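For reference, the structures are reproduced in the following blocks.
In the two assemblies presented below, subunit A is common to both, partnered first by subunit B and then by subunit C.
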Partner chain A sequence: MDVIVCVKQIPDPETPAAAFKVDEGAMQVLPAQGISPVISPFDAQAVEAALRIKDASGDGTVNVVSLGPDSARDAIKHSLAMGADEGYHLKDDAFEGGDAWTTALALSKAIRHLGVPDVLIFGRQAADWDQGTVGSIVAELLDLPSATVLRAVELNGDSITVSRVVADGFENIELPTPCVLTISNEFGDPRYPQLRQIMQAARKQVTELTAADLGLAASEVGAAGSRVQMHALFQPTSDVEVEIIEGDTPEEKASGLVNALREAKIL
Partner chain B sequence: MTKAAVTSDSDKRRTGTTSTGKRVSALAIPAWLPLGGILLVSGAETVRVTGAHRELFFNIDHFWVLYMLLPFVIGIIIYGLIRRSRVWRLGRPIISGQLSRDSLRSAFDDLPVRLGRLVKGGGGTERVLRDPYSGVMHLCIMTSMIVLFLVTALLAIDDYIPVDILVGPRYLGYSLVADIFGLVGIIGVAMAVAHRWVRPRTAWLPTWEDWLILGGLGMLLITGFIVEGLRIHTSEIDVHPEWSYWSPVGYVVALIFSGVKVSAALDIHTTFWWIHMIGALSWITLLGYSKLNHLVLAPANAFLKRTSAPGKLDMIENIEEQEHFGVAQLEHFSMKQLFELDVCVRCGRCTDNCPADIAGQPLSPMHIIQDLKSYATAVGERKVANLVQGNDLNFGLDDETPMVGGVVRDESLWACRTCGACVEACPVFIEHVPTIVDMRRSLVMEEARMPDTVQGTLETLERQGHPWRGTPYTRESWMEGIEDQVPDWTGEQDYLYFVGCTGAFVDRAQEITRSVVSLLRAADVSFGVIKGMESCNGDPARRLGHEYLYQILAEGLIELFNETGVNDEQKTVITHCPHCFNTFLNEYPDMGAKFQVIHHTQLLEQLVDAGRLVPSHDGPEQTITYHDSCYLGRHNDIFEAPRRILEQVPNVTLIEMPRNREQGLCCGAGGGNMWMEEQGKSRVNEVRVEEAVATGAESACTACPFCIQMFDSGIGTVQLDVEDEDKLKVLDVAELLQAAAVADGE
Partner chain C sequence: MASILVIGETDDAGLTAPTLELLGAASRLSADLGGGVALALIGSGLADAAAAAGPAGADSVYTADADSLASYQTDSYLPVAQGIVERDSPSVVLMSQSSMGRDLAPRLATRLGSAAIMDSLGLEVDGDRIKATRSCYGGNARQVVTVQTDPQVITVRPKSQDPLEADSSRSAEVISVDVAEPTLRARTTGKEQAEADGIRLEDAEIVVSGGRGLGGPEAFSDLERLAGVLTAAVGSSRAACDLGWYPPSQQVGLTGTVVSPTLYVAIAISGASQHMAGCGGSKNIVAINKDPDAPIFSFSRFGIVDDYKKVLPALESAFAEALD
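After this line comes the complex of A and B, so read on.
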């Protein structure tokens, strides 16, 4: 079974809050010193899901596509080190400043260019902006059935059974192929690459594709094609006030707490 | 004892005129052993019959059979050792240290050190004696065997040289010494047998080897005395009773047999003599086939043990070109590592001293070595057979239990703290830690199979250049508010203070960092800090088995040191972390480091000695116990510097825990366990905190940021019900010294 996974390189979500800086004027996140960007954790889980599908089906390929600047190559290399077969890097100055729509448009063109696979997998959302829309838009553009926020994926002959994470439990769905899936963190940890695979991945060529290669005009992608306009970018400040409720007995403390919650109109 | 007392034809034999005497020489000459020389002398033996003496081969005919057997016995032993050596030779040709063209020659580097260890350690007198019971037991057996061997050899020499040495008073003294050491040997064997019934701690069961070796030796000693007693009974006690007193044990045995008629006693004597002699020759063949081989292999291993710091791990050179990473198969070990498996005598001291085992966690270094030894016997021999038959090395071995993950379980490898307590305790100089880390290397780099916590740590190291996943701090957080007091490294100063990851990212350790800075300033030390640009030196990655990541991190840091002028023989790097210290000092030279390294306790001791820091402020009277960090103490021999600082702080009384210095117990954090989930009955840090609390000390002092964290968390559970102000306090040496030597506000 052939799978394509779309991955994104993001600032490390483990970056300590103290090192996270925003340039409010330029409306940009400043890269933290000494902390390299990483593959979005959900996307690494998407690669894991793809590799498990390939293993379960016994044949096929897992190819990886990423749109982004030079550093996005590292996310592709990481996926290759995990065991993916080929990597494709959508790299063009024209892609810069885009939104979920332009990203999904470029990705869908790339997937058509490469040939629609049996399964197309995304992470549930990129762990930087957390919009969680690209997967669904690509499914719509390619006119494929999709299931999002999955915790389990199982091959079932030609169809696929998946388990979605929903507010009050799980939802099991069967989809035909080809289809689009987005993987949630409940799926489980991605594998740690073996050193041999890291070294092989380092030597592997990554195919670069530009907007023109995909038949896209510069006006359709990047900032020019964006449908979302950003008005402000700032770090929220959260002020925490702590009030210790005094009391000699637990009962006194509890009633003091109830009164305080009532005053704050929480109760 | 004189000839006159004996009537057998042994008299004639001693004249060298009988046909049997000549046949001995004739048959032995073709033999391929130096024995031939001795036998030639036997042809020229002369009659000596004066003074107090005893007769060789008294009452024994056909004694030449022994000489015939001896070459065979030696041959059997050598065959056993050669056969075993074929398994050792499956390994990579590294004897000690790193693989190189002249790696064999490297086994002879530092010859004086090696020879010293061969004599002291290999002689079974140094480490063996640390355990009083086993030490005495071993000393008894060893000295008895050596003395009795010399006694026998002396008797033979005396017999074959034209002059008589063992005559008169000399003979009597000789006889006394022989009797005493025979008795000492019996005591030793009895202690060893008792030891196997009442074993102190490590659960190991005696096997056939134990009983065969001990039973055999006991039998030899007892039959030896029976033979002696019967000789005295039949030929000496009546003629020269005053001589017999010089063979006290034999004399007692002779008294026991006093009711037996001389003719019958002579028959019994002959029987026991043969049992004794054939028994001795059979027993000695165990040298080639059982752990008795430690007589030869242990001194060899004492010689071969690396002379570099014990905390240094070997580098995998040209790692990108390797066919495999770490050790997954026997043949991935070095010859030395395979050899070492056979040296193990199952004494259990490694396990008795292993922090993981003490805490009831799934690791016993002795069992790792023993399980590998069994595997090397079963599978190694088949690999050798494959080689001999020209097959692929692993032909027919696909269904065997895997060595790593099967024979040695993953959780055992992960439970190792690399603290080196096992290596320090081993009386036969086995190096368990590199063997364990080599197998970890395979788990991590070859198979990518590791606990989630290890994976998380390695990923954080890869991405963020430090092992502290989820830390809210940056590398500069510790200097908030004191930035102007922390000098930037300019390349002009004498010392670079390398803060390290823990000193920067862990709040408790940030306090130590600030103390060190305050002391360095107070003593007017010329130092600087590379602010915000440091990265991990790779130690956690290396100990966790990710050699490749270690090399990447180390190359990066050396590059930074090159760019900033640190990597210079004139510059010294200060660390307050013993793990950074060990890696910089012992491992970075392999990566091209030239700078000097000093641990903060060493520098602070110098500053106190020089009067640049004066611990004059009286604190409260307090008792402090010092906990040795493994990587500072056992691995790098720095035991006294921190203690001497503590001794100079006013009102401090230093007391020791029972396990201290070389025998110090790890806090539980070493070998990457700082970032792992512990498995097992209890936690190592709790065991250690209990030991510290038991001393009655108010504070525990140490010199390692990991130890401090482990103590703090251990105190949380061990002293759960103790009021906060009565709980054990944990301090770095620098913090205590700062309180005593730096005025407030400085």
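After this line comes the complex of A and C, so read on.
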């Protein structure tokens, strides 16, 4: 089975809230001091799913594609260190300021350019914009069946069996290949690259592709081609003032809390 | 022609609560946008739900009623939704950020030559656009966005909008839609229902939630006992679910369920932004955490700084006494 995984490098979502800052004028998140960007955690799980499919099928390749600035290369290198075979970096100034649509458009062209694989895997959403649409848009553009928000993926002969997380449980879905899958956090921890693998990945070539390589005009991608426009980016404020219930014993604190809830007519 | 089309969802009780909220939002927006509100229902056995559409705020309701549509599948719902949108030609399509909305909205928007904004918290009219405020960066930031193409497809976070007071004097014209036999590529072969003993998270007036700070899965049985005393539902942070301590169906947060109870009791939960995205709409949050600097306290009305293991038994008896 041949698999392509699409990944994204993002500011570390574990950045402590106190270190998270927004430049409202530029509508950008400011890089946190001393905290390096990471591969979006759902995307690392997508790479893990891809590697397991390749292992289960006994042959094939896992290739990785990322669209983004220079830093996207690190998400690709991380995936290669996990065990992926080849990396492709969609890199062009024209891609800047794009949205989910322009990203998905460029990814779909890149996937056609590389050859549509048996399985295409994405994280359920990038943990920066949290939209969760790129996988589905690519599926639509390539006219492929899709299943989203998955906690388990299994190779079943020529087809793929998946478990989808829904509000009241799980759905089992069977898909033919080629198909598009998006992986959710319930999938479990991805493998962590060992030093030897990181060094091997560092030596691997990453192929760069521009908009022109993909047959896309600058007007179709980036800010120029976007369908969604951002008007503001800001940090929410909380106007709640906490009242800490004091007491010498847990019993005093507990009864203090119950009394406070009663006085506030919450109980 | 309606200006806003709501793609609704139904359950055994009729229109789901998020669908009623969407109709409320659509009615308020259409007052500024002009045009009416249409509801699209895709499913089987829709007559009762369709009858509730008018009182809930719809001017017309499209029903695509067929056994083959009994449950959501991408390949069967997508062409039906596309057909209804093309027939109604709304400028705005609203869906809930539900299991269905997450999956359907981006594919539908792409098929219609447009784009989707996901998981909106606030909606306002700006000319012929809907300005949507949505959470991003795991809840650490908010962005205001518009879809520049038509139709503007927007999913809305459950409980972020108020439904209308049901008005039984209102009725909606029912338009029945022909349904072709679907061509399924991806096929749902079965469903595992999450254990549903107790109160549904999204309906509960009180939610007791536990996080990674509980230290292990056993502690959830203590939380369940406290929940029993309070007639509450039990939730879990994503960290605790990912560790396998509690089922994913009980996860509160950005990637789980959104709750807005009267009282949310967060036990050994640090208050990561992605968790607050799921419980930030609660009317009152109470936090119990041994770390006085835990972010959860900055969202809470009341707090106890202590080891939950010491506080929980005392709390259980204090609540039992108070509610006796």
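FYI, the second predicted complex is superposed on the first by the 240 of 267 C-alpha atoms of A that agree within 3 Å, B and C clash if a C-alpha of one lies under 4 Å from a C-alpha of the other, contacts with A are read in each partner's own complex, and residues count from 1 in each chain.
Methods note: contacts are C-beta pairs under 8 Å (C-beta built on N, C-alpha and C of every residue); 3 or more make two chains touch, one makes a residue touch a chain.
No experiment lies behind these values; they were computed from the predicted model shown.
Counting the residues of subunit A that each partner touches, subunit B and subunit C differ, and the larger count belongs to C. Shared-chain residue A:71: touches no atom of subunit B or subunit C.
Once the two complexes are overlaid on the shared chain, A:101 sits against subunit C while remaining clear of subunit B. In the superposition on chain A, A:38 makes contact with subunit B only, not with subunit C. When the two structures are aligned on the shared chain, A:17 is found in touch with subunit B and with subunit C.
In the superposition on chain A, A:264 contacts subunit C only, with no contact to subunit B.
Of the two partner chains, subunit C is the only one touched by A:184; subunit B is not. Of the two partner chains, neither subunit B nor subunit C is touched by A:28. In the superposed model, A:219 lies in contact with neither subunit B nor subunit C.
Across the superposed pair, subunit B and subunit C both touch subunit A at residues 15, 17. Listed in rising order, the residues of subunit C touching subunit A in the complex are 74-75, 98-99, 102-103, 105-107, 109-111, 114-119, 131, 135-149, 185-194, 196, 238, 241-242, 248-249, 254-255, 257, 262-263, 273-274, 283-287, 292, 295, 297-306, 310-311, 313-315, 317-319, 321-323. On the subunit A side of its complex with subunit C, the touching residues are 11, 13, 15, 17, 20, 22, 27, 29, 99-101, 104, 124-125, 127-133, 136-137, 139-141, 145-149, 151, 161, 163-176, 179, 184-186, 188, 226-236, 238, 240, 242-245, 249-251, 253-255, 257-258, 260-262, 264, 266-267. Those residues of subunit A that touch subunit B in the shared complex are 12, 14-19, 33-36, 38, 189, 191-196, 198-199. Interface of subunit B with subunit A (complex): residues 320, 325, 444-448, 450, 452, 455, 458-460, 463-465, 469-475, 477, 532-533, 535, 548.
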